[in-house]
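In structure tokens below, several structures.
Next, two complexes with chain A in common: one pairs it with chain B, the other with chain C.
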Partner chain A sequence: MSAAADTAAPPAPAAAGRRRALPGRDALLGAAGAAAFLLLWEAVPRTTAVSAEFLPPASRVLATLAERAATAAFWGAVGDTVAAWALGLAIACAAAVALGFAVGSVPVLRAYTASTVEFLRPIPSVALIPLAILVYGTDLRSTLLLVVYASFWQVYIQVLYGVADIDPVAEQTARAYGLGRWACLRHLVWPTALPYLLTGVRLGAAVALILTITAQLTIGAPGLGQQISVAQSSGAAPLVYALIVATGILGVAVNAGVRALERRLLRWHSSVRGEAAV
Partner chain B sequence: MLDVNGLRKTYRGQGREVEAVRDLTFGLGEGELACLVGPSGCGKTTLLKCVSGLMRPTAGTVALDGRPVDGPPPDMAVVFQEYGRSLFPWLTVRGNVELPLKEKRLPKARRRELVEESLEAVGLAHAASLHPWELSGGMQQRVAIARAIAYEPRVLLMDEPFAAVDAQTRADLEDLIRGLWKRFSMTVLFVTHDIDEAVYLGERVIVLSSSPTVVQDDVRVDLPEERDQLTTRSAPRFAELRALVYREIQNAKNGDGGAGRTGAAGGPAGTDGPDREPTATGGAR
Partner chain C sequence: MRHRTLAAAGAAAVLAASGCGGGEPDGGDGARAVTVGAIPIVDVAPLHLAVDQGLFADRGLEVEVVNTSGGAQAVPGVASGDFDFAFGNVTSLLVARDAGLPMKVVANGVATTGEQGADFGGIVVPEDSPIESAQDLEGATVAVNNLENIGDTTVRNSVRKDGGDPAAVEFMELPFPDMPAAVEKGEVDAAWVVEPFLTTALDGGATEIASNFVDAHPRLTIAAYFTSEQVLAEAPELVADFTSAMDEALAYAEANPEEVRRILGEYTEMDQTLIEEIRLPSFPPAADRESVQTIADLMEEDGLVEETPDVEALFAESG
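Up next, the complex of A and B:
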């Protein structure tokens, strides 16, 4: 009897266990894939297909990266890059939230500005590089101009969608229970728009990093991008690769950070709460 | 205490005018529990939105204690059919119940007292720190009811609150509403499309005609005060009242005005009975 009960043990937890085991297996597969990629990278430069001068083997690039990571100059560059990225993203988010909530909650204003937004949004931020240099020179402000412009639209558009997504029943509930304008904004509009906002922040964070590196490469503002450009002009191929890998790691860290933030702030949201009863 | 007078609502859209509610007049006394029932699409929800001050009527007035309602009054609470959308998923059960009280600027101790009392009254004292989406549908609607009660309303409006829950839960919730009505002595206006539910719950059933809506009949439910799912529902008088309301709704669908035709008991006959065209031919061609 008890044995039967054990083997037939509640199917639900078993299924849940399997489902929970999946991420572990995925992580294992992911690690195996990365190892295979590194092996391939290690092997290819040792064949005649590609010269090791232009594509140094993975071991050499990683060794160079480890070497650089021991220097203060490297961490100074990482700090400059992260600072410019964070400052730019913060300015863009603050502006996008303020404008998005203001414009999003006034349909007339939204319609009035829609065409202008649709024109400004697709302008590639890199097209503004000459303008940035013209106005701010190689100052931090020129990097910020590019970063803010690129990431602002990502966040702004999401906030607009979020503010427009208020459930009519929830809105009627708020009004029926006497919630004023401010309380509605705080307890209804903000939580409704939050998932959208965080999606915008995730997209914006990635774009902001791209533009930070771009600005440092082309304008020569201090940071990882500038270091890459210096390494390139001195013909140090392994160092160029090492620094590129460093920017990649930074990108992964940024994405993971925003995702963790999303999981924390949106525990109640259906996309995060997962298999909880609906 | 709640007076609806000559209420009329027409929706305007795409060059077409739809008359949802034509001319509704009725009143609720202090502490009354009245059910509004009518054929589907007869404008019950429109009526409730006008009564609750969420929507402006095209003509006519709603008054609470003689004061005209031109926005949601502070002593009126609403329970919506879509509990899943009416509760805020980002707040806990306690947070949902407490939010309107914070807006009322009640002191913290009083808020806690009201939240605890109302959650206890709907049998959810143990679920205060859970989120609504961790509860079953019936329990979620109980949370919405607790929120309404904690608001200390004099009038409680309910818009088909049990249309989306299963039959057993529904029976429990019906008994809960009768219990709460007695315990908190509120005036309750309960909108439903379910005739049995209307007769079982109400002290009075207001039957609406099909759209454009007028009051078809006003039936006093003379069942004993103490009601019980088994005995009340099998009582001969319950069956009679049920049949009476059912007939009125059938008449309403066929565009027959008023109780006069059936010769049965009831209040005022439909306002414009004999000369009104059957709705079936009204809209054609």
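Up next, the complex of A and C:
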């Protein structure tokens, strides 16, 4: 969402280099950080700062989560959330790729749409909730509208940058060798734009998950968000936090999944090659 | 090759997208599928009991209750045709009619217990608050779940009845689930809160100073099940069957409070001890139109509607 993220290029080689130098240490630090966070969470409700009734300690929340994880209803909700997220992200990516390549390859078209895009892009998807309910009611399409709108721009902007980043020498070479329009797209534009596209997908995936949960929470579409809302209106604080933790875990899984995809699809790219050459 | 895989995935996604959003499945064995939107709170226990006891099935209705996450979706949900019926408070329904969304009440919903200090909703203040009565709310900030709705109109009425100036009361919007904590921490001077959060607030040390529903009317009808004029005109038999099932469910709930508490454990996530502790509302089979008129008068006084509400027109059946 930030300005820096908009122009985020593929993983910088510098970062990869640092990771290479200290294998395992980052993971260890990460685990220690998580443990410290849990300890703090466990301790705070036992002080007078906040009542355990409104912020139950971590142990109680995790126990509730474990209890829930044994029920079919929980996994049904996870399934609904993942399905809405995946479908929304897929639609956004497909649309962003199609439009991004089309608009990005025609400089006039790009300039012509730039101001409109810059106007539409910052509109928070959440502001569209009343519109979504009005048009689609409470069914899946409402959720999709919000998810697609939010994640589309993330991917679209990256695709535009990617398409614009073609090496002029490579382009002239392609022209000199008489590559056709299709071959040019396949061998020049697509490989150039792919790292950008995947960065967009990674950013879009996180935003899509946020909007999926938000839609379920506020519109009442089935899924983890709706379960949070039911738990909230029942005053079941431990369950509210347990479900929030579940959405957090889902977020981590989504990010890890997209990163794995990125590494796989970009095996040939210098940023990933550098990382893999340990 | 890899690029082709991604392209194929994109194409599949587009196909999947176009394949989604099919029509509503009908009951199959001739049962009529009905969708009812209802917020999962204590008030709608009779609706869930009706499903649980087969009262809808007896009449050939296959009812799916959709949990809405707030009352705000009920009217748009019915207006858009997503829900055949929904649960909503009478203030929202009168406002909807005023705004040109003709909703019709087809079954009663929930009513006050009529007992001061023993209703399912009330005004609470933090422990050791100097506020002791509704009149003392002058100059205070009172939390309500929605501004310009049944909460603030009835709280103003309580202040007025107690000899205070309702214009001197400040209201702020806060979701019910957040009220007990806000009261306990003294972030608000008072809160209008309903069960189960009333019990939670009282357990946390809050003091109940007034029963605003009872103050408004001892038999106050607070909410009801409604549909749109369109559904009423197109499927009068469906509506009649729904009404008859709900009437029976309301009578059953009123006669069997232990059944209400049992079903609360099914459709809400409330703690079992809390379920045993809370005060149940009253579930009379018929709405009290005189009390709805009271609400309409309060709404007009507070300027919630443009025109004088026609209470009789709100009901599908003439009283």
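The definition used in the following text is that the second predicted complex is superposed on the first by the 253 of 278 C-alpha atoms of A that agree within 3 Å, B and C clash if a C-alpha of one lies under 4 Å from a C-alpha of the other, contacts with A are read in each partner's own complex, and residues count from 1 in each chain.
Keep in mind that, in the parts below, contacts are C-beta pairs under 8 Å (C-beta built on N, C-alpha and C of every residue); 3 or more make two chains touch, one makes a residue touch a chain.
Given the structure is predicted, the values throughout are model-derived calculations rather than measurements.
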On chain A, do chain B and chain C fit together or clash when superposed? fit
Considering only the touch criterion stated at the top, classify A:Ile219 as touching first (chain B), second (chain C), both, or neither. second
Under the stated touch criterion, which partner chain does A:Leu99 make contact with: chain B (first), chain C (second), both, or neither? neither
Between chain B and chain C, pick out the one touching the greater number of residues of chain A. C
Which partner does A:Thr138 contact after superposing on A: first (chain B), second (chain C), both, neither? second
Considering only the touch criterion stated at the top, classify A:His269 as touching first (chain B), second (chain C), both, or neither. first
Should A:Gly178 be classified as contacting the first partner (chain B), the second (chain C), both, or neither? first
Just checking: does A:Leu203 make contact with chain B only, chain C only, both, or neither of them? Give me first, second, both or neither. neither
Enter the shortest inter-chain Cα distance between chain B and chain C once the structures share a common frame, rounded to whole Å. 11
Dual-contact residues of chain A (chain B, chain C) 191, 194
Chain C contact footprint on chain A (complex, rising order): 51, 53-54, 87, 90-91, 93-94, 97, 133-134, 136-141, 186, 190-191, 194, 217-220, 226, 229-236, 239, 264-265
Over in the complex, which chain A residues touch chain B? Could you list them? 167, 169-170, 172-173, 175-180, 183, 187-188, 191, 194, 268-270, 273, 276-278
The chain C residues in contact with chain A across the complex are 2-3, 6, 9-14, 16-17, 20-21, 37, 39-41, 66-70, 73, 76-77, 80-82, 175-177, 180-181, 184, 196-197, 200, 204, 268-271, 274
For chain B, which residues count as touching chain A in their complex? 49, 52-54, 72, 74, 76-78, 80, 82, 85-86, 88-91, 99-100, 102-104, 131, 133-136, 147, 151
